[in-house]
């Protein structure tokens, strides 16, 4: 069930260049069950910015009633958000959408988690859960450059973690798929989130196995009513079938929608 | 009669507040948040004869105190709307205002005739003002003669009262109102979105795939209010007003400008519970102000209707 | 030629940034804050033949991300403007664009003829779009034939190039642009304010004494941008664009939409130093983006003008 | 000279129903010399609220580089302002306009200061200065009701202070002019600020002596450029002469402008 709450900022800090880690506290946390779901934030009261901003849940701490998001300051809304101090409240609508299944793989199977840039955060809660179930996880995380990189240590604690940077300042120079080429493991399924070109490349590289792909789209309502966020259904020749990223996704099975 | 109950052609509204077309789908998503029977009415998403995918994405962009959209009338088509969406809505005790769109006058006639027969459709809202489709839409809404003709033809085939939804992208909104009044409209709904655009400052390219889009939200409220103020003084048609409404004071403003009821669009995206909250607060404030009926405030921006309609404290 | 220098009919601008008419008086007040010679040009307050007091107060009201004004063309009249205001401005190395208004075509002719002879007036901006006066103003700006005629007559008597200031309150801004192009205009300036209104929610009465007012500020930027985008694709006239500009990215957006220069209105009230700040930041960002000249970006929203005009990093 | 500065909130508290006392610190204070001048505040970044808000200077503390304002939450802008916490910055443009002359009266002369509601604040700095010069001050302060009342003690420390409340919950029931009727003193000049009906009543009651009247008007620029805030000049039959409240005022000599 979707809820709404004015949640308190318990911590808020810049963890990489323009990347912020925001921890919120409140009862709404109880409803957050699936990794890969997102929340819709009203970054400030008033009409500018007007709309909510979709941000993925990065990790959930049920005991403390807290959850964490990581976001990049990219435009006006995230800039205003980044200026909010601990103690202030942020209005949260969520959790929204369908996340990554954490029961698709069984104990002992091999998962490959591939994240690009600000698509990395939702993979963190997923990885924790997979590891908890005894699934082997391997991470490939791609960034533009070293100063953009975040949560490397956190992921390394959960499993093998490979870094790619576009400019070669850390790890492999190139893209996540360049790292994938060199991997010896044979994953039983992959889980990916990041920019569309990356998602496309990942989907075609792993054509033969199943995967779960988290999509991004500009949103209005975030709950499935406004049809801002639709994508085409794969293989639909009529061009009339669609899925809503906000409520049917953001996570889809590989081959389900047109990236 | 209760303080908020409003009687309009075809419609008995528990209160003058309803979601605006396109901002509420066919109600399903919002039914997760509250009982839809609380609403005065529901203006459902535009329905066309055939199923439509609409425009490519991105379809929305934010602007200062507003948003642009170019959904492009995506909808599952007349038959599906009748058999599924409207059917589903029958479980609620709430009148539906069906929003009708098309590319040709025949399209409008066909949808209007069929959809007006649905048991819970109590009125039609004829969308001659969608700025986001190549054919039809706004083309009908900016030429008085075409608008008059369309109104006449739709009236002829509709079994329920017909409200024409006016476009603000005109030199004279009053002229358009006169035209559809002559065409036999039972009421007006206004305003649809203002045609606008946003560019990505870095690339210089339009953010919205359709390039331009319709501007809605608080940014357009002053324009909407002025148009309702103008038109309500010139025609006798009841007006369902919209444009940037997000709280009970906005509702009061539009009623003061001359509207009979008010629709809430973009604000639903900001707060899914906004409609029932407005209804509750509206009742409270009228009580506090000792206003017996919401319509005691109607048109008070230009009518001299005495102390009763003013704030007392 | 420097990165920001712009050549327009009658005008050599150091940079494409200037204050918009009515938002800067005749410059005196802002000269307390910075050297006016930094500006690309100055669009001074509307001048009419006779001295005018304008409308009763209140004359302004705030709206979401915007403001309404109904100043009503208050000004000291042609003679005073010539002898005092423009004279005073001669101390600065900055071209003046004189904003001309009136109630009749003869008024416009008379003011245009006289004011265009002032040594520092390099162009006229003919205000056929003021929404806040009973006669003249917007009446000329919403009828293509009247606008064409007015343009012809003013052109005949003016000793400097003539820019016509278009109103956004029309069904087709392109039609208006065609009309004044036919009338012989040298350029366009757009947009003036959108007609809007605000009510006091408690009393239900208009906040502005004139009842309606002109909406300006960031709220209207999407509408202004769309209109510049439309018109610049259809006419060859250079466009001085305005509507919600408050930073260098807004300037870039309007140039990308097809404008040649940009005016800053309401933002001066928020930050008196906004114009020189925009000019400085604009230069910096073009340098960072390795754009050789601001006009390399012109019209890139609709022109395919290659990599050079895009953000490189 | 008008200046601009991002000034720090050093204290901010509600001192009566919806009345806030805001103390700002910064170099701009140095420019504040005349009581009755005002500042123009940008209450928050972003475009909503868009315009600045004019607020009078209530007291100036040059040693601490601080000045105080008192304001009433009346609409959206002041509401947003009231939510800003100490430590935050507020962008200030000022000081603006012409204040009350503090040298019009000589030592030993009698001043009458009449304030209504949120027109009371600018009289405080004025009173301090008059007292400092040895002028005798008498205050009449009018409020709607007792819970709206503020700064009574502060004014009492400076001189005789009479309170009028519209509902009689404190002091005399009625208006400031009702108190004035009963006063035995004969002022040499009056200084007044408040709602227009009050200003009118005060001006006609004291027709025979000179006074200084602070006007209010909705403003755009606050510096004299936009002509939003004009008022008619008294006795001007052409109806064409005007004064700008922001830059010619807000304080005018009695009989100078049409209230």
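Lettered A, B, C and D in written order, each chain numbered from 1.
Convention: a contact is a pair of C-beta atoms (placed from the backbone, for glycine too) under 8 Å apart; a residue touches a chain by one contact, two chains touch by 3 or more.
Treat the numbers as computed from the prediction; the structure is a model and nothing was measured.
Placing every chain at the mean of its C-alpha atoms, the farthest one from chain A is found to be D. Chain A and chain C have CA centres that are 45 Å apart.
Inter-chain spacing, taken between the CA centroids of chain C and chain D, is 36 Å.
Residue numbers of chain C whose C-beta contacts span two or more other chains: 64-66, 217-219.
Across the assembly, chain A contributes residues 47-49 that each touch 2 or more other chains.
Taken chain by chain, the contacts link every pair, so each chain touches all the others. Of all residues in chain A, those touching chain C in their complex are 47-48.
Interface residues of chain A facing chain D in the complex, by the touch rule stated above, are 44-49, 76, 80.
By the touch criterion stated above, chain C contacts chain D in their complex at residues 22-25, 28-30, 32-33, 45, 51-54, 57-62, 64-67, 69, 71, 74, 217-219, 246, 266, 268-273. Those residues of chain A whose C-beta lies close enough to touch chain B in the complex are 1-2, 4, 42, 47-52, 77, 93, 217-232, 239-240, 242, 247. Put simply, chain B touches chain C in their complex at residues 63-66, 68, 142, 169-172, 194-199, 201-206, 211-212, 215, 217-223, 225-226, 229, 244, 249, 252-253, 256-257, 297, 300-301, 309-311.
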